[in-house]
Amino acid sequence: MRMLINVPERVVGDALRGMAAAHPELAVDVEQRIVRRGDAPVADKVALVSGGGSGHEPLHGGFVGPGMLDAACPGEIFTSPVPDQMARAAAAVDSGNGVLFVVKNYTGDVLNFEMAAELAEDEGVRIRTVLVQDDVAIDADPASGRRRGTGATLFVEKLAGALAEEGAALDEVEALARRVADASRSFGVALSAVTTPAKGGPMFDLPDGELELGIGIHGEPGRERRPMMTAQEIADAAVDALLEDLTPDGPVLALVNGMGATPLIELYGFCAEVHRVLGERGVAVARTLVGNYVTSLDMAGASVTLCQADAELLRLWDAPVRTTGLRWGA
Amino acid sequence: MRMLINVPERVVGDALRGMAAAHPELAVDVEQRIVRRGDAPVADKVALVSGGGSGHEPLHGGFVGPGMLDAACPGEIFTSPVPDQMARAAAAVDSGNGVLFVVKNYTGDVLNFEMAAELAEDEGVRIRTVLVQDDVAIDADPASGRRRGTGATLFVEKLAGALAEEGAALDEVEALARRVADASRSFGVALSAVTTPAKGGPMFDLPDGELELGIGIHGEPGRERRPMMTAQEIADAAVDALLEDLTPDGPVLALVNGMGATPLIELYGFCAEVHRVLGERGVAVARTLVGNYVTSLDMAGASVTLCQADAELLRLWDAPVRTTGLRWGA
Amino acid sequence: MTDEVSEAPTGGVTEVDAGFVVRWLEAAAVAIDRASGELTELDSAIGDGDHGSNMRRGFAAVGETFRGEPPTTPGAALTVAGRRLVSTVGGASGPLYGTLLRRAGKALGEAERVSGAEFGEALRAGTDAVAQLGGAVRGDKTMLDALYPAVEVLCSGGAAGLDVAAAHRAAAEGAEATVPLRARKGRASYLGERSEGHRDPGAVSSALLVGALALAAEGDDDE
Amino acid sequence: MTDEVSEAPTGGVTEVDAGFVVRWLEAAAVAIDRASGELTELDSAIGDGDHGSNMRRGFAAVGETFRGEPPTTPGAALTVAGRRLVSTVGGASGPLYGTLLRRAGKALGEAERVSGAEFGEALRAGTDAVAQLGGAVRGDKTMLDALYPAVEVLCSGGAAGLDVAAAHRAAAEGAEATVPLRARKGRASYLGERSEGHRDPGAVSSALLVGALALAAEGDDDE
C-alpha cells in the first residue's frame, strides 16, 4: 500500500487536522467533521452546504470560503457523510436566510442529505436541495435520474456560491444551481484503478495498456474497457459523448479535470485536444479550468465537464472566490 | 504506459498548446517554448525568468504572472531547457531593468543558464542569477554546492517576484532571492517511482511496502530505502533532517508538497504530522501551503520545505500573486 | 464464508425481548467484523469498496450504545440501533439498514416482549420501508434480495415461532441468487452488464444479519 | 551492445576534412539512435532517464544542420555541430558535448584539411574544456572517463595517423571501468554509494561517439 497515512481508519480525521493547521481562515471541526468558513454564518446570506464521501479533494472541503461553500461535510473515503453531521453544518452556517444543499446523485448521498434536511428543518433551518447528475456515461436518458454527480459539482458550487455571495434569496440561488446542474455534462476515463485505504490494493485490475471509459469518481470500473488510446482519441470520445446530449448554442465553461494521479503536464496536453475537438464541433470555450479538482484518490485519468454558459454565468464564474482549492479576485 | 498523451516526443509541446488554450492571460510561444506574462515586459520592473526540465508542473510555467515570474522556459521532461530559449525569454520580458534567473542547482540547469546569461548579456540584457539548492538529503555540508534545488524554488519565485512587483531594483531583488534561498531547506520521500514518457515504465523498482528517503524531483532513487513508514514517522524524519541545518529563530513558511500522485487528503494528513513535529521542536509556522506544486510527474510521495521568515518575507508572501498555479489577492 | 448456513437449533423462537435483540445485533457485529474484508472485496468488484468498513463501523457503534445504555424493550433496542446506524454509517447502507431497524422498532411499540410472529412482521415492515426508501424491488440486486426471502420465512412460522435457521438459509440463497443479476439500483447499476457475475455486497451483509438471529436464538437456549 | 568494439580498419586516419567530420557525426547519430533505449535505461538507474532521448534529439539535429548547409572545413563542421547540440539538447550533456565539439572546432581554425594528429589534439582540447566546464576529473564517473582514454590514444599516433579502433577500445574500456566508481559529479552523485555498480550513461555515449570515428574512417576507405 503506497499511502502517506497513519492508519486507514484515521485518514479523514488526520486530513481535517491538517486543514485546521494549514488554514486558519477556516473553522474546522475535526470531531464533528465539518469544515466551515471562519466567518459563517454570514449575515443576510444564503448558505451553501455540500459534502460527500472523502477522496475527491479538493472537493468539497477545498471549496469552502467566500464565493463558494459555507460548509462541507466529509464522509469516510467514498462514503456519504451522515445526516446529523450535515444538519449540524446547516445549523452552524444558517444566517436565517436558508441553506442550499448541493448533493451529488448517489443513493447514499441522496438518502443521507434527505434525512439531514428533515433534521435541519425540525430545527427551523430552511433547506433546499439541488442534485448534481452530470455523468453522461450513465444512461442515455438524462431524465432517468440515475446519472452520477461528478465534475459539474464544481460549477454548481462556484456559480451558486457567487450568487449567494451577492445576496440573492434562497429561491434564486436554488434556481441558479439547478440551472447550472441542468446545463452541465461530464465524461471521464481511468488509466489506472483506485487504491482505497480500506482495501489497501487497487479496486480492480486494469492491465497496463488498457483504459476504462465512462468511469465515476469512486473507483468503480467504467462502462467499457478499451485498449489504450491517445490523448487525441480520448478527447474525441469524451467530447462526442458530451455533445450527444448537450447542444450548446453559445460558449461553454470547460473543466479539464484530473482524477488525482495524472500529472498536470498531461492534463494540459489533454486540454489542448479537448479545445481542438470542441473547435472542430463548432463549440466556443469561454473559460477553461485545468487541474485536479474532483478527484478519485490516486486514480490516473481525467474527466471533461462542459457547462453551457451565458452572460450571467460568466459574471458569476469571474466573481471573486476565496477557497483553498479555487481562488481568484480575492 | 498509463499516460494521457499522444506521443512521448510531443508531451511538452502539447502541454504548451493546452496552456495557451486555457489561459489567454499568458503569452505562450509553443514553438520557442516560452511562457510569459501577457503584459510583459512590464515597465520599470525587474523581470524574473526561470525554467528547467518539464515534469514538475505547476513549476515553472504555472508560476508565471503578476507577483511571480515574468517568463518560464520548459525543457523536455527532466531536461534543462537550452540557452537560446532562456536568452530569448530574457530579452522578451526585460523592461530595461534587468532580469533575474532563478536556477535550480543541477549541472544541466546551471550550465545552460550560464550560457544563456552570456547570450543575453551580449544582447544588452543585464542578468543576475540565483541558485536554489535546498535539498538537505544531499551532503551534510550546505556549502558543498552540490545540493539540489527543489521546493524552495517556489519560495524564491514567489517572494522575489513580489519584491520585483513592488518596483525594487535588480540588486535588491537578487539579494532577496538569495536570502530566501539561503533560508530554505527541503526533504522529500517517494512512495513510488516515476514513469517518464521516454522510458515508458517506472524509473526504478520500488516494491510495495518500501519507500525512498531523500529523493529529488527527477525520479532518481533516494539516498536510502526503508520499509514503509507511517505519515507520523515520515514527518519526524523529514523535519528532523531539515532542522539539522536550519535553526529557525522565528516563524517559518512551510510547504507541504505532493510529488504528483499523492492524493490531497494524504497531503493534509501529512501536513498535520508536520505541524505536530514542528510544534514539538518549538518551531512556529507562520504560513502553510499544501498541495502539488513542485512535482515529479506521477511519483507518489511528498516533500517538506521550510523557509525561515521575517516581517519582510511574510509581507511578500501575502502580497498578491496571479498565476495559474498560485493565486491570491488578485 | 458468509454464505455457510450454520446449523441453528430447529426449535423456533417464540418470544423476543430486548435481550434477544441485543444478542442478535451483537452477534451480527461479530459476524460483520469477521466478514468485513470479504464485504469490501465484493463492493470493490461492483461498487466503491467501502461496504465492509461501513458495516463494521456501524455495528461496532450499535454494540457500544447497547453497552452504554441497555435497552429495555425489543422495540427500543431496534430503534436505538437503527438510529445509531444512520448516524455512524453513511453511504447507502447507513440510511437503508438504519431504516430497516428503526421501522421494525417502531412496529413493535413499547412492549417488553413480543411474539416471534410479531417480530417477523416488524422485520417485514422494516424491509418494506427499505424498499420504499431506496425505490428498489426484488431482483434489482440489492440487500432486498436477501431480506425478503428471509422475512417471508420468518413471517410464515405462526405460533411455531421464528425458524431462524430456515430464514438464514433463505437469505443466503437470496444473496447467492444475486450473482447473475444485473444491478438496477445503487452504485453497481453504473456498471450495466458488467455488474453481472458478482454477489451483491448488501445482500451478503443482509444474509449475515439474518444468520446472526440463529446465534441469538442459541444464546436464548443458554439462558 | 554499445560496448562491443567493432573491427575497424587498422590503417590510421592521417588526414581529416569536413567530410570526415560529417560522416563521423552522422555515424554517431545512427549509433546513438540505435542505443538510445539503452542510454535511457542506464540513466534511469543512476540519473533521470533522459540521456538517450537527449542525445538522439541532439545528433538528429546535427545531421539536419549538415544536410541543410554542408560545412566546408572540419573546424566549421565541429563548431556548427557543437552549437547545434547546445541549442537542442539541454540537460548536462548538451553544454558538455556542445563544448567538446565547439572547442575542438575552434582549435582547428579554418583549415580545409588537418592532420590526424591535429584532429586528435583538437579533441583533447575539447575534452579539457568539458572537464573545465563541468568541474569534473577522471574517475568522477562521467563522460570524461571514456573521453580521456580515447584522446590519449588519438594523440599518441603521431604521423601514423589516428588509431580509431584502439581509441574506441580505450573509450569502451573507460566506460566499462565506470561501473565500480562512485559518482562525484552530475545527477548520479546524488545517489552516493548507490551509484556504484552501474555504467555511467555519458561515458557509454562517449564510447559510441568515439566508435563512430571508426565508421567514418571506413567510409574514408570507400572514397
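We call the chains A, B, C and D, going by the order they appear; numbering starts again at 1 in every chain.
The rule is short, and it goes like this: contacts are C-beta pairs under 8 Å (C-beta built on N, C-alpha and C of every residue); 3 or more make two chains touch, one makes a residue touch a chain.
Since the model is a prediction, treat every value here as computed from it, not as a measurement.
Trainee: Can you list every chain that touches subunit A and also touches subunit B?
Mentor: Neighbours common to subunit A and subunit B are absent.
Trainee: From the centre of subunit C, which other chain's Cα mean sits the farthest off?
Mentor: D
Trainee: Using the average of all C-alpha atoms in each chain as its centre, how far is it in Å between subunit C and subunit D?
Mentor: 75
Trainee: CA centre of subunit A versus CA centre of subunit D: separation in Å?
Mentor: About 54 Å, centre to centre.
Trainee: Round to the nearest whole Å and give the separation of the Cα centres of subunit B and subunit D.
Mentor: 33
Trainee: Can you pull out the residues of subunit A that are in contact with at least two other chains?
Mentor: Residue numbers touching two or more other chains: 77.
Trainee: Using the contact definition from the top, classify how the chains connect: line, ring, star, complete or other.
Mentor: The chain contacts form an open line.
Trainee: On the basis of the stated criterion, which chains touch which? Give every pair.
Mentor: Chain-chain contacts present: A-B, A-C, B-D.
Trainee: So in the complex, which bits of subunit C are touching subunit A?
Mentor: Interface residues on the subunit C side: 40-41, 44-50, 52-54, 57, 86-96, 133-134, 185-187, 189-192, 194.
Trainee: Quick check: in the complex, which residue numbers of subunit A touch subunit B?
Mentor: Residues 1-7, 10-12, 14-23, 54-55, 57-58, 62, 77, 189, 191-192, 208-209, 228, 230-232, 234, 256, 260-273, 275, 285, 288-290, 292, 295, 297-298, 300-302, 322, 324, 327-330 of subunit A touch subunit B in their complex.
Trainee: For a test of understanding, state which residues of subunit B touch subunit D in their complex under the given definition.
Mentor: 8-9, 53, 75-84, 106-108, 111-112, 114-115, 137-138, 146, 148, 194, 196, 198-199, 203-204, 216, 218-221, 223
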